[in-house]
Amino acid sequence: MNHQVLAPAGPLSSEIAQLFWVFVAVAAVVYLLVIGFLVAALRRRNEASMRTALRTVSVAVAITSVILLGLGLSDFFAGRALAATPHDPLRVRVTAHQWWWEIEYSDAQPARRVRTANELRIPTQRPIELELTADDVIHSFWVPSLQGKKDLLPGYTTRLDLIASRAGVYEGQCAEFCGFQHAHMSIDVIALEPQAFTAWYDAQLSAAAEPQNPVAAHGRDVFLGSTCVMCHNIQGTDASAVAGPDLTHIASRRRLAAGTVPNNPANLAAWIRDPQALKPGTHMPATQLAGDDLAALAAYLSELR
Amino acid sequence: MCLRFPELAAVLLAMTGVAGCEREQRRFSEPSGDALTITTPLTDIEAGGQAQPAVAKSPYDENAFAISEGQRLFEWFNCSGCHAHGGGALGPALMDDVWIYGSEPDQIYSTIVQGRPNGMPAFGARIPRQQVWQLVAFVRSLSGGLRKDVEPGRTDSMQMRPAPSQTQDNP
Amino acid sequence: MTARSTIDVSRLPTYAFGHRSLMWWATMGMIAIEGTVFAIAIVAYFYLRGQSEAWPPSGAPPDLLFGTINTVILLASGIPNHFAARAAEREDLRSVRLWMVTCLVMAVAFQVVRALEFTTLNTHWTANAYGSIVFALLALHTTHLVTDFIDTVVLTVLMFTGPLNGRRFVDVSENADYWWFVLAAWIPIYFTIYLVPRLFP
Amino acid sequence: MSPLEQTWADKPGILGWLSTVDHKRIGLRFVVTTLVFFALAGQLAAVMRLQLARADNHLVGPDLYNQLFSVHGTAMMFLFAVPVMEAVALYLIPLMVGTRNVAFPRLNAYGYWLFLFGGVMLFVVFALNIGPEAGWFNYVPLSGPEFSAGKRSDFWAQLITFTEISALIGAIQIITTAFKMRAPGMTLARMPLFVWAMVVTSFMIVFAMPSVMLASTFLITDRLVSTQFYNPAEGGDVLLWQHLFWFFGHPEVYIIFVPALGMISEILPTFARRRVVGYVAMVVALVTIAFLSFGLWVHHMFTTGLPPLGMSFFTAASIMIALPTGLQIFCWIATLATGKRVQFAAPLLFVIGFFFIFIIGGLTGVMLGATTLDSQLHDSYFVVAHLHYVLIGGAVFPLFGGFYYWFPKLTGRMLSERAGRWNFWLFFVGFNVAFFPMHILGLQGMPRRVYTYSAASGWENLNLLSTLGAFTIAVSMLVFLVNVVMSLRRAGRAPHNPWNAATLEWATSSPPPAYNFATIPVVNSRTPLWEQKFPMAEVTGLPDILPTVLVTRLHDAEPDHVAILPTPSLWPFLAAIATTVMFVGSVFTPWAVVWGAVPVGITLIGWFWPDKEEAARMLSIEVKPSEGEARVVALREALS
C-alpha cells in the first residue's frame, strides 16, 4: 500500500515516522510500567507502607516530567528540521474544490505553466513547495507516505513542502471533512525520475491531441456540442470553462473523478453517463447521450494523453 | 418518504408538518423521464390567442438544496456575465419584479432552454434539465418569489446583492 | 454512647446581604458568564481587526455623539443605583422606591439614546465583518440593558404592591449588582466601538 | 406526615411531576434522559459501523452518513457526556455535602426541561431529515449559508444554545451548592473529591461555554441575516470559528473527564478501604488541569498553517497536561497499594478498566499534542481511536462504575454483580476490538468522516473487526439495560450504605427522603462515615414550615444563615416551553427573538412573583440579619 504513515518515501515523512516510533517506544514502556504497578497494587497480599507509596508517587511524577520534556523537545527539533526552507523548490499551486484538486505548476513564463487535476507529478529528490488554497470549503492535503497534512482554507494560502526519495505512486486523500464526497477526494502524487518528469511536463504543455479516427472526431463534436463545455476546458478546442477539472490530458491520468475509479474507457463512459451513481452528490450532472455518442465521447477523451 | 422512523410519523407530522421534508431533500439526480419534462409548450406565444395552458409546477421551488445548487450554477455558467449578480447589466435585472417573459417557473424554464431575442442564448442543449430547474428555482428566489425558509442566505463572496432570504417578497 | 450534641440554628437570620446570600452567587455566576461573552466578543473584534488592512474597511467610524451621551447617562445611573442598594440594605422601603424609579427613568433615557446610537454607526451588519461585529457588540449590550430594565421594572412594581418580606431587599441589592455589571461592561465596549477605529484606523 | 415531610413533599399526580423542584427527582430524570440520548446516538454509531464494515458499501449514502456522524458526535458530546456528569452531580452533591436541595431549585427544573426539549428537538429534526450535517464541530464554511442549504445547521446552532444554557445553569447550581451549603464543619479541605471535581468542572463550564454560544450565534446570524463573520471575501475569517469553537472545545473534553476523575476518587477508596492518598495533590491537579485546558485549544488547529512559534507553546501546554493527570493515576495506584485487601466489586472493575483504556488514550494524546506527529495523525482514524479511548475509557467507564456504585442510593435496589461482570467484560473487550484497530487504520492513511472506502485501500479487514467490536459493545449495553430492569423489579431494598463507603450520601436511606436528611449532620472529617463518632453533632432549629436549608461560610463551613428555598412550581416548565418556542422560531425568522421573548418574559415574571400566602409564612419565621448576628458568633464558638 502506498498511503502509509509508517512506510515513508521521503526524508520529511521519514523524520515523522522515526519520531512516531520514538513516541511509541516511550509510550509502551510507560504503559507497561503503570499497568505493572496497578496489577501489583491490586494483587498484593500486604498493605504497602505509606512512605514507600508516597516516595514512588514522587519518583513517578519526576520521571513523567522528564519524559514529557524529552518528548516535547524531540518534537520541537523534528519540527525545526521539517520547517527548513527548501533550496530551489518546484512551486505548485493546489486549489481544492468540492471534490477534486486543481493543480497548477508555476513558471516564470506563463506559457510554460501546466494545469492539471487530481494528479500531482513531481520529480524525485527535488523539493516541491505547494501553495495551498481552497475555492469553497476547507480541505486538507494529505499524502501520508510523503508528508504530514496541511489544510487548504478559503481566504488563506498555506504552504507545504514535499520530497520524494524514489519514484512511485503515492496516494493521498482529503483529510478535512468537506461534504458529500469527502470520501472520494483522492490525489495521486506520482514521483518520476527527473528526466521522465521533464518529458511529462513538456508533453503537458502541448494542446490536446487531435482525434485520430472518425469515432474520436465525432466524440469531440459531441463534447463541444453538449453539456461538457459548460464546465470543462480542453486546450486547443473551444472548450474553455474552468468550473471543473482541465481535461486536456485526461487520458494520461491514473484515476477518474479524484480517485473514485481507475481511468479506462469503460469507467469513463459510466462516469459521464451517470456520475451520481459512482459519486453521489458530485457537482457533475448526468449527461443524456445516445449510446453511440457516449462511446464516441469516451473514445475521444481516452485519446487525450 | 421523509420519515426514517415510521412509528414517530403521527407525532412528528402533527408537530412540524411535512413542509420541512421537501425543503431538506438532497436529490442528486432525478429519474429520467417525466419528472422534469415540461408539459406546457415551450413558448407562451400561441397563434390565435388560445387559453393559457396550465402552469407547470417547478419541481424545486420548495427545495433549499436545489436552489443553492442553482445559485452555484448561476456563477459557474456565467449567468452573472450578463445579469450581473441579479442586478442586471447587459441582461435584465432578476431581482426586481419586472419580468419581460414571465415569472412563472415554466416561463423562466423556457427562457433558459430556448433563449430569448436580443441576447439571451438558448441553453437547451448545454444544460441538463435538472440543472435548468435548479436555475429556475434560484432565479425565482432572487426576486424573493419563494418561501423565506428555502431561499439561500448570503454567499461566501463579495456581497454584490442582498441574499435572497433578505429581500422583500415580491408577490 | 453519649447523647449527640446539637447546634441550634433557630435564631440565625433567614436572609443575608452580599456574598453571604445565595442570590449573590447566582448574580456573580451570571456576571462571570456574561462577562466572558463580552470579553470573547471583544477579542473577536480585535481578531477581525487584525484580518483587515483598514478599520473600518470602508466608510466612517461610528458617530461619537449618541454613544458618548449614553456613556454619560450610564455612568450617572450609577448614583441612583448605589443609593438603591444602600437603601435596600437598610431595608428602607421609601428610599428603595424612590431610587429605583430614578434608575428606571435613566434606563428609559438610555434606551432611547441607544436606539439613536444604532442609526449612527455608519455601517450595517450585512456590509462586512466589521459591521457585523460592531452590531453584535452593541446588540449584546442592549440585550443586557433591556433584560435588566425589565427586571428592575418588575422589582419596582413589587416594591409598591407587595407581598414583601426581608429577602426582597436582597433581590434589590443583587439587581443593583447586576446593573453595575451592565454599566462596567459598557466602558470597554464603548472604547472598542467608538475609539478603536479612530485610534487604530 | 411530619411537618418536615409535608413541607418537602411534591403534589401528587402529573402536576406534581411537572412542577417538582426536588434535585433527586430532577437529577434522576436528567440521568435517564441523557442515557436515552446515549442509546440513540449509539445506534447511529452502529449504523455507521455497518456501513463501514465492507468496502464500497451502499447501505447508507453520503447525505445520510454525514448526518449520522454529525448527530452522533453532537448528541454524545452535548446531550450525553457533559450533561450526564452534571446530572449525576445535581443528584449527588446536595447529599454529599449534607444539605436538602440545590441552591436554586426552580432554575434546576428549568435547566432540565430546556435540556430535554433541546435534545428531543435534535432527534426530531434528524428524523425529519433536517439533521446537522457538518460534523460535531460544524466548521464554517461547510456549515455556513452557502454550503449547508436548508435549516440543518441552524438546528445544530440552536441545539448548542439549548444545551449550553442548561449546562451553565447546572454549573452555577453546583458552585453555589458546594460552596455555600455544606454541612457545618465540612471545610473546603474536607469536601469529597467528586464535589471538588464538579466545582472545577463548573468553573470550566462558566468560562468555556460562552465561547461556543457566541460562535454559534455568529453562525446563525451569518446564515439568517447575512452577517459576514465567517466570510473571507468581506473581512470575515473561517479560522475565527475554529478558534472560538476550540477555545470551548478543548476545555469541553476536560469538562467531561474531570467529573469522571472525581467519581474514581470516590469509588476506588471505598473498595481499597482507605482514604485517597494525596488529597491535596489531587485537588491541585484538578485545578491545574482546568487552567491548562484553556491553553491548548490550538492543538486542534496545528494543520491550519499557524505560525510555528505559537504552535510550540501549545505543544508544550498539550504535553504538560499529562502531568497532573498522571499524578492522579499514581495517587490512585498508591491508594490501592496501601489500602486493605481490594474488593473486586463491579464498580471497581469499571475503574480498573479505566486505567487500562484511558492510559492508552492519554499516551496517544501526547502524540497528537506534538505538532509534527499531529500533522500525520490529525483528522485520521487515529484521532477517532484516540478520542474514544479518552472519552469512553476516561469518562464512560468511570461513569458506569458510578452507576453500579450509586445505583442502590438512587433506586434503593442493588444491581446484579454477575450481570455487572458480564457487562464489564463485554464492554471492555468490545471496546478494544472496536477502537484499537482504528489506530492502525489512521496510520494506514484512512481519513475520518469518510462514508466509504475502496477495496484497494486495504482497510476492509480492520474495519470489519471494528464493526464486530462495536456490536459487542451494543450487547454489553443490553446486558446493562436488562440488569437495571431486573434489579428494579427485584424485591428487597438496598441498605443505607451497601459498600461501607465514607461520604455523607450514604448516611441517609436508599433512596433518600425528599428532605435528604432528617437532621443536618455536623462533620469533622474528610471521611465522616468511617469515623467512630459520626455525627459529632446535629443541627436543630431549621424551620420546617417552609423548605429551608442551612447556608454556611465558604471556606470553614460555619453556619451563616438559614435560606428559604422556593417551593415546587409549574412556571419553570412553562418558561422552558416558551424558551423552546423562541429558539425553534429563531431558526426560521430573526423576529422570533422579539415576539418569542414576550412569553418567555411572562413566564419568568410568573415564576418570580411571590405567592401571598407563602410570603406571609416567610414573614412569620423571618429573622433579620441585624438581629441574628450575635447568635452566629456564639455558634462559631460552639463549633470550634
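All chains are identified by letter, namely A, B, C and D, in their written order; residue positions are counted from 1 within each chain.
As a working rule, contacts are C-beta pairs under 8 Å (C-beta built on N, C-alpha and C of every residue); 3 or more make two chains touch, one makes a residue touch a chain.
Please read all numbers here as calculations on a predicted model, not as lab measurements.
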Note = When B-C and A-D are ranked by contacting C-beta pairs, first place goes to A-D
Request  = Give me the ID of the chain with the smallest distance between its Cα centroid and the all-protein Cα centroid.
outcome  = D
Task = Let me have the rounded angstrom distance from the C-alpha centre of subunit B over to the C-alpha centre of subunit C, please.
result = 47
Ask   = What is the distance in Å between the mean C-alpha positions of subunit A and subunit D?
value = 39
Key: Centre-to-centre distance between subunit D and subunit C (centres being mean Cα positions), rounded to whole Å   = 30
Interchain centroid distance [CA atoms averaged], subunit A/subunit C, Å = 52
Query = What are the residues of subunit D that contact at least two other chains?
reply = 63, 141, 146-147, 222, 225-226, 228, 231-234, 237
Remark   = Residues of subunit B that touch at least two other chains are 26, 154, 156, 159, 162, 166
Query = Could you say which residues in subunit A touch two or more other chains, in rising order?
reply = 136, 154, 180, 280-281
Task = Specify the contact topology among the chains shown, as one of line, ring, star, complete or other.
result = other
Inquiry  = For this structure, enumerate the chain pairs that meet the touch criterion.
reply    = A-B, A-D, B-C, B-D, C-D
Inquiry  = Taking the touch rule as given, give the residues of subunit D at its contact with subunit C in the complex, in rising order.
reply    = 103-104, 107, 168, 171-172, 175-176, 179-181, 184, 206-207, 209-211, 213-214, 217-218, 221-222, 225-229, 231, 234-237, 240, 243-244, 247, 522, 535-543, 548, 550-551, 553-554, 559-564, 601, 605, 608-612, 615-616, 618-619, 621-625, 627-629, 631-632, 635, 638-639
In the complex with subunit B, residue positions of subunit D that touch it = 63, 124-130, 141, 144-147, 149-152, 222-226, 228, 230-234, 588-589
Query = Which of the residues in subunit A end up touching subunit D in this complex?
reply = 1, 3-6, 13, 15-16, 19-20, 23, 27, 30-31, 34-35, 37-38, 40-42, 44, 47-50, 53-54, 56-57, 60-61, 64-65, 68, 71-72, 75-76, 78-79, 82-83, 136-138, 140, 142, 144, 147-151, 153-156, 158-159, 171-183, 280-281
Query = Okay, in this complex, where on subunit C does subunit B touch?
reply = 126-128
Request  = Quick one: which bits of subunit C touch subunit D in the complex? Just the residue numbers, please.
outcome  = 4-17, 19-22, 25-26, 29-30, 32-34, 36-37, 40-41, 44, 47-48, 51-52, 57, 91, 125-133, 135-136, 150, 154, 158, 162-168
